[in-house]
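Quick one: structure below, then a few questions.
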Amino acid sequence: MESKTKSPPKLTRRNYSKIIRPIFGILVLGYILWRLYEVLIVQQAYSIEIWLRLLIAGLIIGGVYALIAIGYTLVYGILFMINFAHGEVMMIGTFAGYFLFEVTKGINVASAGNPPLSFSDAYPLISVILAFIVGMTVAAAAGFFLEKIAYRPLRKAPRLIPLISAIGASFFLQNAAQLLFSPQVRDYTNPAAIARGSGWTLIINDSRVVITYTGVLTFVLSILLMIGLYLMVQKTKLGKAMRAVASDKNTAALMGIDVDAIVSRTFIISGALAGAAGVMWGLHNGLVHFFVGFLPGIKAFTAAVLGGIGNIPGAMLGGMFLGLVESLGPTALGISYQLKDVIAFVIMIVILIFRPSGILGEVLSEEKV
Amino acid sequence: MTEIIIEAVKVSKFFGGLIAVNEVDLQISKGSIYSIIGPNGAGKTTLFNCISGFYTPEKGDILYYGTPIQGMPTDFIASQGISRTYQNVRLFGNLTAMENILIGLHTKLRSNWMDALIHSPRFVREDNWSMQEAVRLLDFVGLKGYGDFLASNLPYGLQRRLEIARALANNPRLLLLDEPTAGMNIQETTDLTQFIKRLRDELEITIILIEHDMKVVMGISDRISVLDYGIKIAEGNPKEIQANTRVIEAYLGPGGAALAEKYRSQRRKSHA
Amino acid sequence: MNKDIIRTSSRKGLLFGIVLIFLVLINFHIMASTMISKLLGTNVLRGAFPEVRFMIIFLVIYGLWAGWSAVSRENKTTTKLLEGLISGITTGIVIVLFGLILFFLLETQTDVRRYLTALSFVSINIFLLGLRGAGVPVLFGLFTLTGLLGGALAIGLRSKTVSNFKHSIKAFVSNVRQSITSALPEFVTKYGKYMIYLVLLALLLLLPSRWGSYNNFVFGMVGLYVILGIGLNIMLGLSGQFMIGIAALFAMGAYSVALLNSPFPHGLMWGFWPSLVVGVVMAVIGGLLLGLPIMRLRGDYLGIVTLGFGEIIRILLNSDLLTDLTGGPRGIQNIQQPTFLGRPFNDVSYAYLIIVAMAVSIFLYYRLEKSRTGRAWLSIKEDTLVARATGVDVQKYKLLALCIGAAFAGLAGGIFAARNQFTGPNDHTLMVSINVLSVVIVGGLNSIPGIILGSFALRGLPELLRELETYRLLVFGALLVFMMLVRPDGLWPSSRPNLEEKGSSDLKEDIDPDLEGRGND
Amino acid sequence: GPAAEEPAVVEPSGVDTTALCEGDDFGCAVIAPGQTIKIGMGSPMTGGNAAFGIDAEQSGLIAVEDAGEFMGFQFELIAEDDGGTPEGGAAVANKFAADPTIVGVAGHLFSGATFAALPIYEEIGIPMLSPSATNPDLTRQGSRVFNRVPFTDEAQGAAAAEYMYNELGFRKIAFLHDGQDYGKGLAEIAAATFESLGGEVVALMGLTPGEADYSPVLSTIAADSPDALYLGGYTQEGVVLTNNMKTSGLEDVVFFGCDGTFGVDFLSRTGANGEGTYHATPRTPPETPEKDAFDAAYTTRWGQAPGELSPFTWNSYDTTTMLIKMVQEVAVMGSDGSLYIPRGALVDAVRGLANYVGISGTYTCAPVGDCNIEGPTFWIVEGGEFVAVN
Amino acid sequence: MLKVTDLNVYYGAIHALKGISFDLQEGEIVTLIGANGAGKSTLLNTVSGILHAKEGTVEYLGENISNEAPQVIVQKGIVQVPEGRKIFAKMTVMENLEMGAYTVTDRQQIQDKREAMFDRFPVLRTRSKQLGGTLSGGEQQMLAMARALMANPKLLLLDEPSMGLAPVLVEQIFDIIQDINQQGTSVLLVEQNAHMALSIADRAYVLETGHIVLEGDASVVMNDPMVISAYLGG
C-alpha cells in the first residue's frame, strides 16, 4: 500500500441538479406568474361567472380523479405495485351502472291516468342508489378477481413484474369489453330528475351559471366517500390491519392478520371506489365505452403520485389539484386547451422536483442509513 | 502527539425537534482505533453519517486533514479515502461478491464509458488490474472461492466481511465500522476483532468503531468516546471509561458475569 | 373427503362454464370453430360462419379439457372419473341455464345486440348446434360425456406413475444427450455453441432476401424494439431508473430524420446518414434535458415524470403550437430514402441495416455493462446511497445512462421513420413506451437474449395473432398475464458474470495501473 | 355462402392472359379456382378508435355479400387492424402486399396509417380507395394508387365558412378542432375562409380528443360571445361539446359540425340539446332505395343502426363496392380456369371511376384521386331529425 | 407442548433446515443457540407458519399445525417476537399494541390487556401516542414484546431480543423474559448472547447449519467444551 500522507485537495464540486433545479423551477414559476399577470391583471378577459364555471368543472372532475386515485394509492400502499388495470375496473363499474339504468328505464310503473313512467323516472333516488350499489359491487368483484388471478401469484416477485401483468390484464379487460359491448359510445339514460345538464341556475352578470345536479352529486358523494374511507383506514380494525400489512406483511401475519384477506379487501375497496367513480362519470358525463377508463386511469395515477403515492389524503389532494389545474390552468395562463395536459404535467414535474415524494408524501430529504 | 486525521468540532445534527448529535467534539489521531459507544439512539450512527457525508451537520465542522468536508458530496468524500460499513449490512445484494468489490474499486479507476466502448489500452490495463486486486481483497478477508456468489446468498458473517472488503477496496485512510460484530457469536467476534487489528497494523488504516460488545471495545480501542442523548459524556482510554460512573449508569450496567449469576440464583429459587 | 371432491370439481366445472359463456358472448366460439375448420381444410370466408360440426369439435375439446383439469393427481381411478364427471355435469348445468336463455331469445326473436353485440341469432343458433331448443339437452349430454371422458383420459395421463414415467423419460433423454455429447469429437462440444451462433448468423444474413417484405417488416419491427429495449435496459435494468417515456426519445430520433429529410415542412434534404446522426444527438439532448432537473426523483415518481415527459412531447408534436415546425397531427411525409453505394434502400436493405444496428447495439451494450461504468450503474440501481458512499458520482452516472439509453432510442427512431417514409404523433404514444417496458421485463431485465425473445414475443406475437382478427389484443393481454405468472423472472433471466477466475488466472502478470490520479476522479 | 355448392361453369374469355399480364405495369393477380378475390381494409379495430374500424369492416362485409359471386369466384374482405397508427398502417400494408390474392384496399381509414401504407401499395400496384382519409397531401403527392371518397378538407371547410357567413349571417365564430389531422385541417380552412369573407374568428383552437367534458374550453370561449361554434372533428367530440354548451354560457350559440359529426348517434346522444345544430354530408341524394336496403341489411346483420359507430358506414360500403365493381370490370377468365386481374389496369380503372352512384353520393374521381368533387350538403337538426337546408 | 419432528425447510434450492427435531414442555424456557445462518430464525418462522416445511411436522398440544396459516397459529396461542423487532413504524404505540391483539375480539379484554402492558412497561404508557418508528431501540424491543403479549400467548417465540441493545437494556429484557415465564408463558428463545440465554433457560439446543448438534439441560450445555469455545468465549 502506498503512503497516506497526502492531504486531500481542497475542492468543491459542482452539483448539476442543485443548480439546474432552482433554475428550472424559477423559469417555470416565473412564466406562470407572468402569464397569470397578463391574463388576470392586464387583459382581464374573463369575468367572474366564467371563473366560477371553470371552478365547478374542475371540482367535479377533481372529485372523480381523487376517487380513482385513492384506488391506486390503496393498492400501492399495500403491495407497492401500480395497478395499471385500475382504470379498467372503473370502466367495468361504468358499464354496470349503465346496464342498471337501462333496466330501470325499461321497467314501466303504472301511474294512474298519466302516460306510464319508467321506474328510473318515477323513483330517481332509488335507481341512483341502486346504480351505485351495482356499479360498486361489480367493480369491487372485478378488483377482487383481478388480484386473485393476475397479482396474487406474483406477490413475491420484483415490483415490475406485477406491473406488466397489470398491463396485460388492462389489455384483456379493455378488449373484452369492446368485444362484449361493441366499441360504440353510449350515454347513461339518467333519471329525468337529474338529467345531464339540468341543475340550479345562478344569474351572474346576466349570464347563467348552471350548477348541475349530477355535478353536485358527484362532488358531494366523492367527498363523502373519501372522508369515509379515510376514517375507515385510520380508525377501524380493518384499516389498521391494512396499514400493518402495508408496512410489513410477515410481521402482520405474526400478529394473526390474514394478509391475503386484507389484500383482497383492499382490492375490493379500491374497486368499489373506482366503481363509484365510474357511475358518477356516467351520470355526469354520460360516456360509456370500453376505453372510458384509460384516460381517467392515467390521470388518476398521476394524481396519486402527485399527492404522494401510498398516501390517502395525498391522493385526494392530488386528484382535486389535477382537476382544477386541468380546468382552470389553460384559461388562467392563456394557453390553448390542447396543451392542458402539458400544463398539468409540467406543474407536476415542478412540484415533484421540489417535493420528490409528492405534495403530502413523506419528506425524503434525508434518508435514514 | 501524532497527526490528527479527522476532527469534529462542535458538531450538531437535528431531526425536526430532535437533537440527534449535540455539539460533539472528536479528535482522532492517525493510525488509531477509536471507539464510539453509547445507548441505543445516542446518535452514534448519525455521527458516522455526518462524517461520511450522508448528512450535513447543522452546526460545527468536520475537518479531514484539517480541511472542512461537511456538506461535500458523499462520493467525493469517499474518493478522498473515507470508507464505511453499515449497521444493517448494505451490500449490492443481486451482484456477486467480486462485483461488489469491483464497485468498491471505483474511485481508483479512471477509465470512462468511452474507454469501455473502444476498449482503450487504459481500459484493458485497468480491467486486468482491478480483477486481480478484487481477488486479492477477496482473499484478504477470507472469501476466496466465494467470488461468484451473489452477495445476498452469502451467510451473514461473510456478508459483513464482504462489506469490509468493499470498503477496503477504496484504499481508505479512514475506515468507519458500524457495529461490525452485531449478530455474531463469540468465536466470530473474536476473529473479527483480530481482523480489525490487522487492518490497522498491516494497512495503517485509521479506524472508528461503533460497538455494543464491550469485550471488543475494551480489547482493541486506543481511545473511546461515550455518547448519550447526542452528547459526549466521556472520553478516554478503555480503563478510564470502565471506571467512569456516568458511563456505567447510562450504558454499561452491572457486569455481564455478575448478571448471569443473578439470574441463575433466581432460577434456582423459582424452581425450588 | 367426498364432499371435498364434489366441491373442488364442481367449482372447476363452474369456472369452465362461466368462461364458456364469456367466450360465446364475445363470439369466440365462432372464431375457434373457424380456426378448427381451417385446420381441417375447410376454408371459411371472413365474416361467414363455420359449419356446426366444427363447433361440435370445439365444444368436445373444451369439455374434455374441463373434465381433465378437474382431475387431481393423487386420487384413485374411480375418483378421477367422478371428478371429471362432476366437472362435466356442472359445466353442463351452467350451459343449460345459459342455453335456455339463448333459446328464449331465439324463440321470441329478441335482439339483444344493442347490449351484447356478439349475440346474433346466427351465432346463437350455431352454439345450439343448429338444433334450437333441442340443442340445450344435447349440450348438457355433450358436456357430461366429455367431462367423464376427460376424466378417463386423465387417468392415463395424470397419475403418479405417469409423472414418474415422464421423469424417467426426461432422465433418459438427458442421459442420451450426455452420452452423445461425450461421444462427439471434442471440437464439436467445445465449439458447438459457436456453430449454433454461426448458423443463426447465416440465417440472419440469408433470410431477409428470401422471405418477403412482410416478414422483413415484422422482423425489422422486432429489431427496432430490441434496440429500444437495450436503450431502456440501460436506464432501467442497469441504472435502475424507472422510465416510461422512452417514446419521447424515440420520437426525437424519428422526427430529426423526418424533418431533415423531407420536402415538407422545411424542405431540408440532408440525406439519411447525417440526419440519423443528428437524430441520435437530439435524443441524447432530450435525455439530458429530461434528466437534469429530475435527478433527485426515485422509483415511481421518476416513472410518472418520465411518463409525463413522453406525453408532453407527443402533445407538443401534435399541437397547433408546433405545427409549423413539426407538421402537427399530419406528421411528416415522403421521407427521403437512404442510399447505399448509390442504390436506394428497399425492405431487404432495411432488414440488413437493422441487423447491423442491432448487432452494434448489442456489442456496445456488452462492452458498457462489463466495465467500470456498467458496474457503477448497477451499484446505483442496487443501493443509491451506498453507491454514493462507495465513491460513485450518482448524478453523473444516472445522466450518462439516460443519455446513452437515449442514443439507442434515437437510433431506433431514425431508422423507424425512414423505413416507414412517414412519421406522425401517433407513432409515439404512451403505448410505445409501455410496449418497450414490457419487452424488457417480459424478456428479462439485463438479459440481451431475454430482450430479443421479449421483442419477438411482444412485437412478433401480435402480428402472428392477426389470424385471430379482433381477438388479437384480448388474447395478447391474456398471454401477457400468463407469461408473467409462468415466468416471473422473464423469458430468459439474466445471470451475473463469473469474474473470480478471470481475476485469479491473470495473477501472474503484475500490471499496476497508473494510480496517481486516484482520489479525484 | 349459399352459392358455393354449385360452381357456375364460366367459359374462358378467350383473351390472351399472358400478353395481358406482361403488358401490365404491375402484372396480374391470379386467382386460382377455389381461392377468393380479396379486398383488403386497414383500420383501427382495437384501442380508442376501434369503433371506426369495426364499423368499416361491418359495412365492407355487407358490400362483399351484396357483390355475390363473380365468374365462379367469391369476394372476401380482409379487414386488418392497423390501430390507426402509421406503424400499424405499414405493418398491414406489408401483410397485404405479401398476399398475391389481395387486389385492392378499401382504406386505410386514418391519414397517418395511409401515409405509411401508401408507398408499399404504390410499389406493387394495389389500388386504394379510402372511405375517410382526408389529409389533402395524400392526393397532392402524385400517387397513382391512392383514391378516396370523402371530401377534402378544402372543399368542405370553405363551403361551410361561406354558408355560415352568407346564408346564416354569422359574423363571429369560434373554430374548434379535435387536434387530429382531419378536424384540424377542416377547422383551419374554414376559419381562414371565414376571415377572408370578413368574419371574425374569435378562436381557433385544438381540443384533446376523447375527453368527457369540454365545459372549461367552452366557458372560456363564452367570454367572446360568438354567434356560432364550428367543430372539425367527430361525433364523439361533437356530442360532448353540444351537451356542454348548455351549461357553459353558450346556450344560444349555434353548433356547426361537419361530415364527421353527422349521424344518428349525434341525434340520440344530444337529444334536445342537438336541436338547431348544423352538420354536413357529401351525400346527394340523401335517401335512395339502395341506401334503405343497405341500412336494413346492416341493422339485421349487426344489430346496430348504421352511423352509430362512426360516420363512415356508408362510405365504407361504397368504397368496397366500387373496388369490387372495378375488379369485375378488368378481370379476365383465363383458359386454366384462373381469374386474371391485371393490377395496373385495375389501378387505372379505379382512378377512372366516373359518375358512380353509391349510397353515400355520386362519385367521379379526379386525376389526383379525389373522387368526391361535389359540394357538401348542409343539414340542420329539427325535431330530432336531419333536415337538408341547401 | 410443542413437538417438532424431522423438519426440512428450503429457500428455493437452499436447504436451510435439515431434519430438525425438538420439543418444548409447558412452562419451560428453551433456548436455541447457533451461529449466524444456522437456521434459528427459519425454525421460528416455520413454527409460526410464515414458512412451510417441505417435510416433517410441527405439533402443538398434540395437533399438527405444519400447514396452518400464520393467523391460525397465532389464534392457537403461539406468538413470535420477530428478529429486529419489526415495529410498525408509521403506527403509534397504541396502534401497535392493538395490532398485537388482532385475534382478540373482546374490546374489554383488549383494554385490560393494554393496561397490564403499560403497567409492565411503564415507558410505553408515556409514549403511547408516539409513532413506533421514532422509539429508541430498547423501547422498540419492549413494544415488540408487549405487542406479542397482547395476543395472550401460551407459547412465546423470541428471536434475538437482545440484538443491538445496550448492555443495560439487555439486562432489562432478560428480566422481563423471566418474569413472563414465571407468569405461565412458555418461551422459545433464540439468542446470540449465549451466556445470558443459557443462564435463564431450562433446556438448550445448539444449531449448526441446519442440524441440531447438541441438546440438553441448560446447565449441561453451558459446560460443554464445544459450546464454551464457540459461544461463550472461553
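As written, the chain order gives the labels A, B, C, D and E, with residue 1 at the start of each chain.
Please note the rule applied: contacts are C-beta pairs under 8 Å (C-beta built on N, C-alpha and C of every residue); 3 or more make two chains touch, one makes a residue touch a chain.
Bear in mind that the values here come from a model prediction, so they are computed numbers and not experimental data.
**Student:** Walk from chain B over to chain D along touching chains and report the minimum step count.
**Tutor:** Steps on the shortest route: 2.
**Student:** Look at the interfaces A-E and B-C and say which one is made up of more C-beta pairs in contact.
**Tutor:** When B-C is set beside A-E, the one with more contacts is B-C.
**Student:** Roughly how far is chain B from chain C, centre to centre by C-alpha average, rounded to an integer in Å?
**Tutor:** 47
**Student:** Just how far, in Å, is the C-alpha centre of chain D from the one of chain A?
**Tutor:** Inter-chain centre distance comes to 37 Å.
**Student:** CA centre of chain D versus CA centre of chain E: separation in Å?
**Tutor:** Roughly 74 Å separates the two chain centres.
**Student:** Rounded to a whole Å, what is the gap between the Cα centroids of chain A and chain C?
**Tutor:** One centre to the other, that is 29 Å.
**Student:** What are the residue numbers in chain B that touch two or more other chains?
**Tutor:** Chain B, residues with two or more chain partners: 54, 73, 80-81, 86, 90, 171.
**Student:** Name the residues of chain D that each touch 2 or more other chains.
**Tutor:** Residues 46-47, 54, 179, 205-206, 208, 304.
**Student:** Mind pulling the residue numbers of chain E that touch at least two other chains?
**Tutor:** Within chain E, no residue touches at least two other chains.
**Student:** Residue numbers of chain D touching chain C in their complex, please.
**Tutor:** Interface residues on the chain D side: 1, 36, 45-47, 54, 57, 61, 64-65, 74, 76-81, 84-87, 90-91, 94-95, 97-98, 110-112, 115-116, 119-120, 135, 137, 141, 179-181, 184-185, 204-206, 208, 301-304.
**Student:** Of all residues in chain E, which touch chain A in the complex?
**Tutor:** Residues of chain E touching chain A: 45, 48-50, 69-71, 74-75, 79-80, 82, 86, 88-91, 95, 98-100, 102-103, 147, 151.
**Student:** For the complex, which residues does chain C have touching chain D?
**Tutor:** Interface residues on chain C, with respect to chain D: 45-48, 111-114, 117, 120, 212-218, 221, 264, 315, 318-320, 323, 328-331, 333-334, 347, 416, 419-424, 426-427, 429, 431, 463, 466, 469-470, 472-473.
**Student:** Write out the stretch or stretches of chain E touching chain B in their complex.
**Tutor:** Touching chain B from chain E are residues 14, 33-37, 136-138, 160, 163-171, 174, 178, 182, 192, 194-196, 199-200, 229-233.
**Student:** Contact residues on chain B for chain C in the complex?
**Tutor:** These residues of chain B touch chain C: 52-54, 73-75, 78-81, 83-84, 86, 90, 92-99, 102-104, 106-113, 115-117, 119, 122-123, 125-135, 138, 145, 147-148, 150, 166, 170-171.
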